[in-house]
Structure formats: structure tokens, C-alpha cells
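Structures are listed in the sections that come next.
Two complexes follow with chain A in common, the first pairing it with chain B and the second with chain C.
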Partner chain A sequence: MEGARIFFRIPIFGGLPVTETMVNSWILILGITLLCVFLTRHLKLKEITKRQAIAEWAVQAVNDLVTESMGKAHVKTYAPYIGALFAFSLFGSLSSLLGMKPITSDINTTLGWAIVTFVMIQYSKIKYHGIKQFFKGFTEPIFVMTPLNIISEFATPLSLGFRHFGNIAAGTVITSLLYSALAYLSSVILGGIQIPFMQIGLPAFLSIYFDLFTSALQAFIFCMLTMAYVSSAIDD
Partner chain B sequence: MERAIILAASAIGAGLALIAGIGPGIGEGYAVGKACEAIGRQPECQGAVTRTMLLGCAIAESTGIYGLVVGLILMFANPLIGLL
Partner chain C sequence: MEHESFISLGVWQMINTWINLFILYLLVKKFLFKPVNKILEQRKAAADSLIDDAQKDRDEAAEIKETYTAQMRQAKLEAGEIVKDASQKAEKKADAIVDAAKKQAGDLIERAQRDAEREKKKAINEAKNEISDIALQIASKVIEKEMSEEDHEKLMEQFIDNVGDESWQK
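Coming up: the complex of A and B.
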């Protein structure tokens, strides 16, 4: 396992690298956008098509999820972000099924999303409680706790980003370990001939867990935690 | 020689870092067991219990993931070799 390949460098600030992760995310953004455009063309009120039914189901599911965890008042504000995050994270992890390097196995992607969540948390705190209460919140319950409160504030996005990255990257590492072990095993069985026939079939069962289940679960958890953190920042 | 020592120590350290997986393993097993009990008592709230359990498991998993990240860094992006 190695890091994302660097395709080329943009010659500003001493060469900004454009990596495989970034190119894959552009492809995914394009794909998701095209999917959305495809699903929402020719919307009608009556006699809806199958495409429109799928689109309505997706939007309704996201709206219900946000309503359940943040309350009805914030659905209009946060549902688009949560839906976009969920779709991007889900397709980003599932893209490993197509043989692409999953964008979420690069820590830059997940930490980037975590930073967006961090900004949202701080913004909601200031917006709903005022700047004075925001700074006062750091000295709760007593002023000695201020450094710990600041650290815990920064630990939130860090753990959020690491969690998603760690789960997907662990899947990649274990899958590649299994592949090399199976290649070794089959060369032992064949007496030194390099035909990795043991690699057929067996990794598929592992892939069901690591690619399908973990991808969906981590996308869901990232969105749920984002909503939980933001709504707790709004409430107290 | 120094390089060899650092490489060996990093490999051992990566192995030791993954011992952090014990804690979340026990904790998550306990949480899932309790969730099963709750579903057994009240099968009608299976959805809510499962969702809450998965969320709690994900949070409990953090410490294990930290260990994993340390292990991955030591294995694939070792910062200690650069110090030589």
C-alpha cells in the first residue's frame, strides 16, 4: 500500500500536487451531478416516472433523517449539506468496487470534510448564542478547564476524520494483505508457478464487508455525527 | 545500523500500537450484547436501538482507530527515518 499517486503539479506556492484522490473526486462529483440531473429531469405532479420516484425517495429519506436528529426547524438549512455529504462519502467509498482508489482512504478527504463540520459547529455556536456566550462557553464549568475545552473542541474534527479514514484504509490494507497471502499460498501449492488461482472468489466475501457494509455504515455515521455535533452546538 | 534499529523499533511499535484494538473490541461487544437484550425485550424498537448502537460503536471505536492510524504511519509514512 502506498499513498495516492501524484499526476502533476500546479506551479504555484512551490508546486501544488494534484493526486489520484483529487482526480477521482472530480470524476465522482461529475458522476453524482449527472445522476442528479438525470433523476430530476421532467418532474411532474401526477403520473410520476420511476426516475422521479427514486429522486423523491432519496430526498425524503434525507429529510426524515435530518428531521429526526436536528428537529423540524433546521431541515431546510442542513438537509442539502447532509445529503450531499452522504452521497459523496457513500459513492467515494463504493468506488473501490470499480477498481478506483477510494477517495476516503486518503486522510486529506475525510479531514477536509471534518474541517467543514468543525466550521459549521463553531458558526452555529456563534450564530445561536452570540459571540460573548461563545467565548464564555470555553470557561465552563470553571476557568481552569479552558485548555481542556479548547483541546476537546479540536479533537472533535480530528476523531471524525480519523474514524472514516481508518475504517476504509484498514479495509484496503487487510484486503491487500489477503491478496498477497493467497498469491503466496497458491504458488506454494503449485510448486513455484506464479498463477494466483486462490485469489478467485475468496476475497469477494471480505469485499462484501469492507466495501459494501463499511462504506455505507461510515457514510451514515459521518452524517449522523455531523448532525449530532451541530445540533448540540445549536441547543446548548 | 541506526537505520536498522529505527526500522525494527518502528515495526515493533506498529505492532504494539494495534494492541489498542482490545479496548474497543470488548466495549463494542458489550454494547452489542446490551442492544440484543434491548431488542429481545422490545422488538418493536429494533430500528432505533440498532441505529443508536451503531453510532455508539462508532464513537467507541475511535481509540482503536487512533492506534490503527499510528500503526499505519509507522508502517507506511515513518517520520522517524527522516530524523537521521
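Coming up: the complex of A and C.
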């Protein structure tokens, strides 16, 4: 199993790679932005179009979700980020349906997002409780817990990043395993003739779980956990 | 084509992730959340002002109704008074007219009675004169020469005095 393709290397710092993940990310950014622009064209107060209804529903849903888990005061700040993250993650995983390599099956993507969450958590702790309380927090409830607290602090982004990566990458792996298994089964049935007819149909059902369900679920989980972590960092 | 390994971490790749996420965040904020939130707020404001206006209208209507009711009550009171006044005046006027009529009738009757009385007296006096003449003629014819002029006059006056008396009338 291989990772992202490297299209070419920028010849500085020993050749910076331009990977498939990066290119797909740019395509997704373009696509999501165009979708946003398309949905929010000619917004009206009354007699709204279907496009506007979808846009309003999406924004309202994210706003409600952020309000629910973080409180009304943080909606303005965090709702656009959570919305962008959710869209990036969801479409990034769903892009496998178009034959693209999902950007979320690259650990650099999911761990990168998780590190952003981690930074947000630390920033919120310092901002809302002061630098003194921030360092004191690691020694609670007793001083000997300090190493464990530090480990748990770093475990948060790691588990967040690897969970997302693992779910999507596993889907890719299992799907390709299934394909080769089905190809082998086909050749056995046909007595050595290489026509993988068994690959027709069956993988689609697996795809419903791995591509649609897991994509939506992981995007949702990633956003919910980010909000929960940051919210608890703000509160206590 | 060159591939990365299945799990490969790279600072450069991660920096790309962050830049991409940040760019998408800015774009989604600018092209989706800002305009839609704006329209949602506008709609909320419009709805709020609609509710406020409705409340204001209702208050105003209640106020108008109250003044109207008060005015109606006042008007009814005044109307009742006017009717009462008018009926009292009318009664008084009617009484006055009836009284005047009664008085006039009384006057008329009295005058008629007076006239009748006068006529009666006049008639009696005339009758007295005629009767005295007739009596004189009859008497003169009956007792011609047997009576002196003096006796004659006396008798006549006695007779005339008796005319119109109760005894005479019987």
C-alpha cells in the first residue's frame, strides 16, 4: 500500500514535494468555495430560492451545533471554522467517490487539523484562565500526576488525528483488499481467465459504509470533539 | 510516479494542511457564513419589528376602544338628559297650552253668560215698557172716567214695579 502520489518536487530545501493530497485539497477548496458562492447568490429576505434554503439550513445547523456545545458567546468565532473543517473533512473523504485519493487518508492532513485543535485548546486555556493557571493545571489534582497530564494533553491531538486517518485509510485498504480478493475469486471460478467479473456490484455495498457513512461520521466526530475540547478548555 | 509511503509525516506537508485549512476557513467565512448570517439576522430583525409593530397596534387599538367606550357612555348620558329635558319642556308647554285654552274657554263662557244676562235684562225692560203700555191702554179703556189721573199713575207704577218680580213671573 502506498501513500499520496508526488507530482513533482519544488527544487528548494532539498526538493519540496507537491503531493496528490495537496492538489486534491486545492481542488476541494476551489469546489467548496464555488459551492458557497453558488448557494449564496442573490440572497433575499422573502420568497427564498432552494439554493438559499440549503445555504441557510447549513449555516443554521452549524450555528446550532456550535451553540449547543460551546455556548452562544463563541458562535461568531468558531462557527465558520467548524463549518470549514466539517466541509473539508466531509468532501475530502467523499472525494473518493470521484476517484480522487481522499485527503483524509493522508496523516499529514488529519494530524495537521488535530494540531490546530490542540493549539486552540492551549490558547483557550491561557486566554481564559491565565498563564499561571495554565501551568498549575498540569499539577492537578496532585503533583505526581504532572507527567500523565502532559502525556494526556498530547494524546488528545494524536488520537483525534489518527482516528480520522485510520478510519478513512482503513476503508481504502479494505476496499483494495476486497478488490484483489474478488479478482482472485473470479479467476478461480473462470479457471484462470483474468476477467474480474466478481468486482461488479459487491464493492458498491461496502462503499456505502466506507465512503458515505464513515466520511460523514468521521467529519462529524472530528468537529464535535474539537468543539468539546475547546469548550472544556474555556470553561475549566 | 513517485509515491509517499502510506504513513509519512512531513513538516512541509503539514504546513500545507494548515495553510489550506486557513484559506478554506477564510473563504467559507466570507462566502457562506457572513452573507447567510447577515440575511438571517435581517430576517430576525424584520420579524422582531413586525411583532413590535403588532404589539404597538394592539395597544393603540385598545386605547382607542377605551376612549370610544368612554365617549359612547358620555354620549348616552347626554342623550338621556336631552330627551328628559325635552320631554319636561314639552310637558310644561302642553300644560301651559291646556291652561291657556281652559282660561280662554272660561272667559268665553263668562262673557257669554254676561251677554245673555244683559240680553235678558234688556228684554225684560223692553217687555216691562210694552206691558205697561198695554196695561195702560186696557186699563184706560176699562176704567175710563172712574179714575183720577193721580190714581191712575199710582196704579201704573205699582204694576210696573211688580213686573219682573217673582210673584209676577209665576
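The rule is simple: the second predicted complex is superposed on the first by the 236 of 236 C-alpha atoms of A that agree within 3 Å, B and C clash if a C-alpha of one lies under 4 Å from a C-alpha of the other, contacts with A are read in each partner's own complex, and residues count from 1 in each chain.
As a convention for this text, a contact is a pair of C-beta atoms (placed from the backbone, for glycine too) under 8 Å apart; a residue touches a chain by one contact, two chains touch by 3 or more.
Keep in mind the model is a prediction, meaning the values are calculated, not measured.
**Student:** Of chain B and chain C, which one touches more of chain A's residues?
**Tutor:** C
**Student:** So in the superposed three-chain picture, is A:Ile221 touching just chain B, just chain C, both, or none of them (first/second/both/neither)?
**Tutor:** first
**Student:** Look at A:Ala58 in the shared chain and tell me whether it touches chain B only, chain C only, both, or neither; answer first, second, both or neither.
**Tutor:** In the superposition, A:Ala58 contacts chain C only.
**Student:** According to the stated criteria, A:Leu178 is in contact with first (chain B), second (chain C), both, or neither; which is it?
**Tutor:** Neither partner.
**Student:** Once chain A of both complexes is superposed, is A:Leu85 in touch with chain B (first), chain C (second), both, or neither?
**Tutor:** second
**Student:** Could you tell me if A:Pro17 is touching chain B, chain C, both of them or neither one (first, second, both, neither)?
**Tutor:** After superposition on chain A, A:Pro17 lies in contact with chain C alone.
**Student:** A:Ile126 in the overlay: touching chain B, chain C, both, or neither? Say first, second, both or neither.
**Tutor:** Once the two structures are laid over each other on A, A:Ile126 reaches no partner at all.
**Student:** Figure out whether A:Ser25 sits in contact with chain B (first) or chain C (second), or with both, or with neither.
**Tutor:** second
**Student:** Is A:Ala169 in contact with chain B, with chain C, with both, or with neither (first, second, both, neither)?
**Tutor:** A:Ala169 sits against chain B and chain C alike.
**Student:** Across the two complexes, what residues of chain A are contacted by chain B and by chain C?
**Tutor:** Common to the two interfaces on chain A: residues 1-3, 169.
**Student:** Quick check: in the complex, which residue numbers of chain C touch chain A?
**Tutor:** So the residues of chain C touching chain A come out as 1-10, 12-14, 16-18, 20-21, 23-25, 27-29, 31-33, 35-40, 42-43, 46.
**Student:** Which stretch or stretches of chain A touch chain C in the complex?
**Tutor:** The touching residues are 1-7, 13, 16-17, 19, 21-22, 25-26, 28-29, 32-33, 36-37, 39-40, 43-45, 52, 55-56, 58-60, 62-63, 79-81, 83-85, 87-88, 106-109, 111-113, 115-116, 169.
**Student:** Sort out for me which residues of chain B touch chain A in the complex.
**Tutor:** Residues 51, 54-55, 58-59, 61-62, 65-66, 68-69, 72, 76-77 of chain B touch chain A in their complex.
**Student:** Looking at the complex, which residues from chain A come into contact with chain B?
**Tutor:** 1-3, 159, 162-163, 165-167, 169-170, 173, 217-218, 220-221, 224-225, 228
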